[in-house]
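As written, the chain order gives the labels A, B, C and D, with residue 1 at the start of each chain.
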Amino acid sequence: MSRLQKLVIGRVSLGILTLFVVSALMFVGIELLPGDLAQQILGQSATESTLAAFRAELGLDQPAHLRYLDWLGGVLRGDFGTSLASGREVSELLGPRLANTMFLATYAAVIAAPLAVILGLLAALWRNTLFDRGVNLTALSAISMPEFFVGYVLILFLSIKAGVFPTLARIDSATGLWDALYRSFLPALTLILVVVAHMMRMTRAAIINVLASPYIEMARLKGVPRWRIIVQHALPNALAPIVNVVALNLAYLVVGVVVVEVVFSYPGLGQLLVDAVSSRDFPVVQAVGLFFAAVYITLNVLADIISIMSNPRLRHGR
Amino acid sequence: QAQPKKGGTLRVGFTQGSTSDSLDPATFNNDFMFASGYAVFNTLTEIAPDGTAQPDLAESFEASSDAATWTFRLRDNAQFSDGKTATANDVIASIRHHMGPESKSGIKPLLEQITDIRADGDKVVIFELAAGNADFPFIFNDYHLGIRQDTGDGTIDPNSRIGTGGYVIDVFEPGVRVELTRRDDYWKEGRAHFDKVVILKVGDPAARMNALMTGEVDLIDRPDLKTINLLGRAPNVKIHTQDGTLHYIMPMQTNTAPFDDMNVRMALKYGINREDMIEKVLRGYGTVGNDQPISRSMPYYNDDLEQITYDPERAKYHLKQAGLESLDVTLSTSDAAFSGAVDASVLFAESARPAGLNIDVKREPDDGYWSNVWLQKPFCCSYWGGRPTPDLMFSTGYAADAEWNETKWDNERFNELLLQARPELDQTRRAEMYGEMQKIVKEQGGALIPAFGQYVSAMSESVQMPEEVSEMWDLDSQRFIERWWMA
Amino acid sequence: MGNLLNIGGLRLEAGSRARPNVILKGLDLELERGEVLGLVGESGAGKSSAGLAAMGYVRDGVRFAGGSVEFDGAELIGMGRGQLRRLHGKRIAYVAQSAAASFNPAKTLIDQYTEAPRLHGVSGRAAAEQDAVALYRQMQLPNPEEIGFRYPHQVSGGQLQRAMTAMAMACRPDLIIFDEPTTALDVTTQIEVLGAIRDIVEQYDTAAIYITHDLAVVSQMADRICVMKDGEAVETAPTKTMLDAPQEEYTRSLWAVRSFRRPDAEAGEAPALIRCEGVSAAYGPMTVLDNLNFTFPRGQTTAVVGESGSGKSTLARVIAGLLPPASGQFFWDDAPLEPRLAKRDPETLRNIQMIYQSADTSLNPRHNIREILTRPVRKFTGRKGQELRARVEELMDLVDLDRAFLDRKPSELSGGQKQRVGIARALAAEPEFIICDEVTSALDQLVAEGILRLLVRLQTELDLTFMFITHDLATVEAIAHKVIVLKNGQIVEQGGRDEIFCDPKQAYTKRLLTSVPQMDPEWLTEARARERALREAQ
Amino acid sequence: MKSLLKSAPPSAIFGMVVLAIVAFTGIFAPIVAPYGETQVVGDAYLPWSAAHPLGTDNLGRDMLSRMVFGARNTVGLALLTTAISFSVGSTLGMLAALKGGWLDEVLSRLVDVLMAVPPLILALMLLAIVGPSIPNMVGVIAVIYVAPVYRLSRAAAMNVVGLDFVEAARLRGERTPWLLRREILPNIWSTLIAEFGVRFCFVFLFIAALSFLGIGIQPPTADWGSMVKENATLISFGDITPLIPAAAIALLTVAINLIVDWMLHRASGLKS
């Protein structure tokens, strides 16, 4: 087994281990939540005996660790159980929302990531020029605005004033691709504004950091043009930090969009999770939480692997 | 007023609705399901704009002289969407679904008075009650009690979409949307005008209002009161308000010091500036409360009672009567009690201070407010909505043995009247008794009810409704889908 | 035909325009075609800046403030960026000090080789690759066909430096600037690189500026030498003249450094302060020191020499207690020495002190000198208040530092001054034994000599025992009583200084000794001949 | 220090001025504010006037006074939260870098786990467990942000622990607290400060997001995040009221970032 394979396998297995720990942690968290589902559904007027009967029906009378193991066993067989609150299959509940969340995340990512890297490169290339300062200040302002505020302002200008885009990002399985792209343009734009800034600033910083290296001076003294220095000499060496930041932001596009979902009433996973937490619907919370953690971990592992791949020291042993 | 007209699609943006919603009527607990339920399933009775119970799926109902036996006769022409005609067995199965030890339904406690249900032929259902109850037909307006089909063994399929209502469900995505299409063969004349209805859950108030302004929806509930005037000015948008049974209350537990002293209670009642609260918390969309829970829109409302007003001097006077110079009390509050409760408490504290009443506003956690604070703390915030009759209101919230007796209220005369009025079929006698009960609660009780809220909604100009609407709940008591139309 | 390069009155400035920091104060240089000019001088004299300026290039923050740089008749100062770019790499090439840092780690050697020829339209990729292989062969790189396809980290430092020289030759430039191309290499590799550079420059008759601070090296390479100090040329003359008859005071002092010898070099018999019996040490599974036996005589200097990676620093760490030995035992005055630092009593901690190679990393940049010295004095000697202050000042006197420096941060001191602070810090503990790990190799020679003199003086005054780690044999010769030669974690040879220097028993020791550059211009030729003979003999 | 300020570019000076103003109003809020934090001074939504320079809010409280107290609450809480997560995170991070071995391994894995749960979700759950009081919110957010701070300070400290002066201090027999406080901390200070700025903004926006979801700072406490939220529906009508607190948030974060940029620039300048 090569060193590279070992590194990659090490990262992946660590990721899987983390996933397990996260699921256990979330379970403990749900256990600690005050109040329970039975009470939630039956309301204040329920008598102790009805409560007890209902708990037994839901399996809530089992000891916590048994329920966890039971759940874990199910997950390993691909069965996420049924929602306690609505009695429906968790996978059925998750399916359309998952698709929506992934759609929005992909939409935003496909635009944001290349845009951020290109802007970052340009800002690094023309650093300390008016362009650089302008882009930087815009980025800073975008970072500094609460997300919901950005969303509302976009709605004001693009929906209410200009009437170009709808304010409700309603999509479902029947919506065609173009229509879906059109309807979810505003939430995607909000997300793009939020993540581009960070990725772009990091790209710029990483590139500029590398530009101080002696091999960049060497390249200049070989008569290599500036854009080629940035793209050919600096970018490959700045890839690791850039990829890491991009991964972090892409993960954010999947797991951190609750606020945007609320503003545009977008039926995504975030709202589902918030609903499930407030109704103590533990199988749903677990499933969504697990998915979120998996996204985060996968993207990070991918970023690590890309960093490893982009580093010839690790790719080729001595 | 234009005549109702068929056609059009109504798109609604609703505040409530949750992923855990299901079609099982026992689980209904939010507006989204109430409105959808009423559109698809009929109930035996409905509450008319004048506050009375009228036959709906039932053609008629009548009581025995002691009001303990009720006979409901069903319509002959009411068909389910699968073509079957509604029968007495369907009704019995639908009602039994909420009864019995297994039931988790919210209506269960109210059905406990029923000792027997039986069918008399295909079309007649007879209820035997443990004791006389003149208000019994009101119960059947409840959204839980939409009539479903008997599956043959005396039970219903809780997730069945087959009802006798004016609409059928095309799409049901819990917590997201429901899409309804009108039945052309609906049995009821002059109802169900929209061709299609789409209800979307739009939780964020700003998003709801934006969607209305951009024409993405035609009707929204609960617009943000702060900006509603601005919303009303938008082209093609109108605001609809209706009085209701919704009221806000700060219950004082009458068995706990210092609230066991009636003068202390009176001091606090005079120490709150009700107009200011309506102005600032309800943004004008409310009417002053008079410390008793029966609203103008309900039957037997007593309008002879003198309105209590903000009067720091009177408050001081009562305080002195209680032998106190000043009073320190803690008011437990949270926006979980009702939205704006914290603001209302803060305003209360501000207005009470000049009277020597020092109210310490204590914010309690939202989570668990209803289990840890309400009914536990001697002075807190709470609200009540939609009880169709004084009897239901008083017996759930003011009867000495009621579980939700927030004020720990135990008044001999009141308890006596409550029992007497319930089976009384003579309307004048009933009105007298309920009038007296309202007076007792107002003048002696621990309920500080500063305001009744109005139900506010906003819609495009093209949405039309009858001149009179039912005021028990929001949006024509959530029956707007069947009752309203598009211009 | 005029000179290839004419630099006249060149002035470079950095910092604010109002109060500029002048880097070059009117430098004049000229260079004929095919000529090699050596630039020598202490660190910071402006050598690199001059070399880069010859390419019409300044580093970020530096600017041309006057004078002219004329290359083949064209003025470079103020030339357009595109025009300059067409010169760079094609007609003027650059070889940097550290090839390891100057090769892009993400690209193969040959990719980087072919970049300039392709960009300048000199040749296509295939042709350039062939050319590269030919040059690699000429540079005597192993596996010339294959080595180009490796990444920089897969190639040793000496080989990289040769590959970089080859890369500079790719477009057959008229002028190459070599900026200290061998300083980072150890003596044995240095010979190979120097030889390769000299061959290639001679073969293509390329003009070159060769920058170094090592006089012996420059005397091998240059036709003419220019000595610089503080941004000015002190003296310029043909190599032979410069070596034999330096005119300027400064130049003479540079030359004189090389003759420093400690006065009392005779190693008398002395009892062992530290005795080492069968010590081995390892980092994880990797054994770095293998069964060492030796003594450090009390009051004397024992030099530990060996090539990079031979385990010299590791030995120091083991003695200091930072790395407990895997086996074996040290004795202090014949009493067993506790191997683990955490278990050592304060007395032992006090008695063994260490001075580090790099003053930059061994002094906390956030503390001022007073804090750096006060802490050990208080901790080890328990002095307080006035007494403490007095002792700290006394320490400054001891290492010939102005007391005014006490309130400065390390970054405000020169390299030599920082090293003196390091020494003072060691002395603060009033130890008996001091480990000096490459204490002079980061300093230039004038300064290094000052440090050596100081150490010798302190040793006699305070009766200290030194363990002196270095790879510079000239330094060993100057101050050691006893020498231990390490190779791959084993002792190759040990004995008195004269014994080792005059009569080395082992081939390895001999090779080390002959690899040290000498001022004789013929030394490189002879040394390479010897190397070749040695290799053929094997 | 004086020369430091002199060397600052205009952008950083702007940042520092804004920061100073906010700090001043926050610290002296009761003196600066014309009215009390929750005092009802008039009708709701009074227009701007001499008596109420920014008008009044929905309850008839003075907007300017709310902004001033909001500075104190919002900034103070964010500051407190960030400070806690920094003191815990950086101590643990440095400790892990210094000690290595199992301690490092355990802490690092723990932090991995913590970071794998989306922060907003983690906050929602933790706050649901402990209840949304202000001390709880501070604690929960601090715990969430310990993780990234740990990672950063560990990485930064890793670069320092290998340096000779740390070894020299160890040879002197210095104990761990001294090594952390005197040898390592001063050398990763600039990195930490820069990160502190960034984190501070993040915490700030995070609290605003929590307030938006209704579990952040609760009324009647004035805070900029919930003030934006309370008035958010006004945006759709082009009313600028919600812009005031939003602009304050944006201005402060931009200001801090300008300072951070400058410090990063200086730090990188010193390195090369």
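Points worth noting:
Here is the rule we go by: contacts are C-beta pairs under 8 Å (C-beta built on N, C-alpha and C of every residue); 3 or more make two chains touch, one makes a residue touch a chain.
Fair warning: this is a prediction, and the values are worked out from it, not measured in the lab.
Two chain pairs are in question, A-D and C-D; the one with more C-beta pairs in contact is A-D. Averaged C-alpha coordinates put the centre of chain A at 23 Å from the centre of chain D. If you average the CA atoms of chain B and of chain C, the two centres end up 88 Å from each other. Centre-to-centre separation between chain C and chain D, using Cα means, comes to 46 Å. Taking the mean of the C-alpha atoms as each chain's centre, chain A and chain B sit 41 Å apart. Residues of chain D in contact with two or more other chains: 128, 232, 235-236. Shared interface positions of chain C, i.e. residues touching 2 or more other chains, are not present.
The residues of chain B that reach two or more other chains are 206, 210, 213, 367-368, listed in rising order.
In summary, the structure contains touching chain pairs A-B, A-C, A-D, B-D, C-D.
Interface residues of chain C facing chain A in the complex, by the touch rule stated above, are 52, 55, 57, 59, 84-90, 93-94, 96, 98, 101-107, 115-116, 119-120, 150-151, 153-154.
On the side of chain B, the complex with chain A involves touching residues 13, 18-22, 27, 29, 101-102, 104, 106, 108-109, 171, 173-177, 200-204, 206-207, 210-211, 213-214, 216-217, 367-368, 370-371, 403-404. Note for the complex: chain A touches chain C at residues 213-215, 217-225, 228, 232-233, 236-237, 310-313, 316, 318. On chain B, the positions that touch chain D within their shared complex are 205-206, 209-210, 213, 224, 226-227, 230-231, 279-281, 283, 335, 342-343, 346-347, 350, 361, 363, 365-368.
Chain A contributes residues 14, 17-19, 21-22, 25-26, 29-30, 32-34, 137, 140-141, 143-149, 152-153, 155-156, 160, 205, 208-209, 212, 255-256, 258-259, 262, 270, 273-274, 277-278, 289, 292-293, 296-297 to its touches with chain D in the complex.
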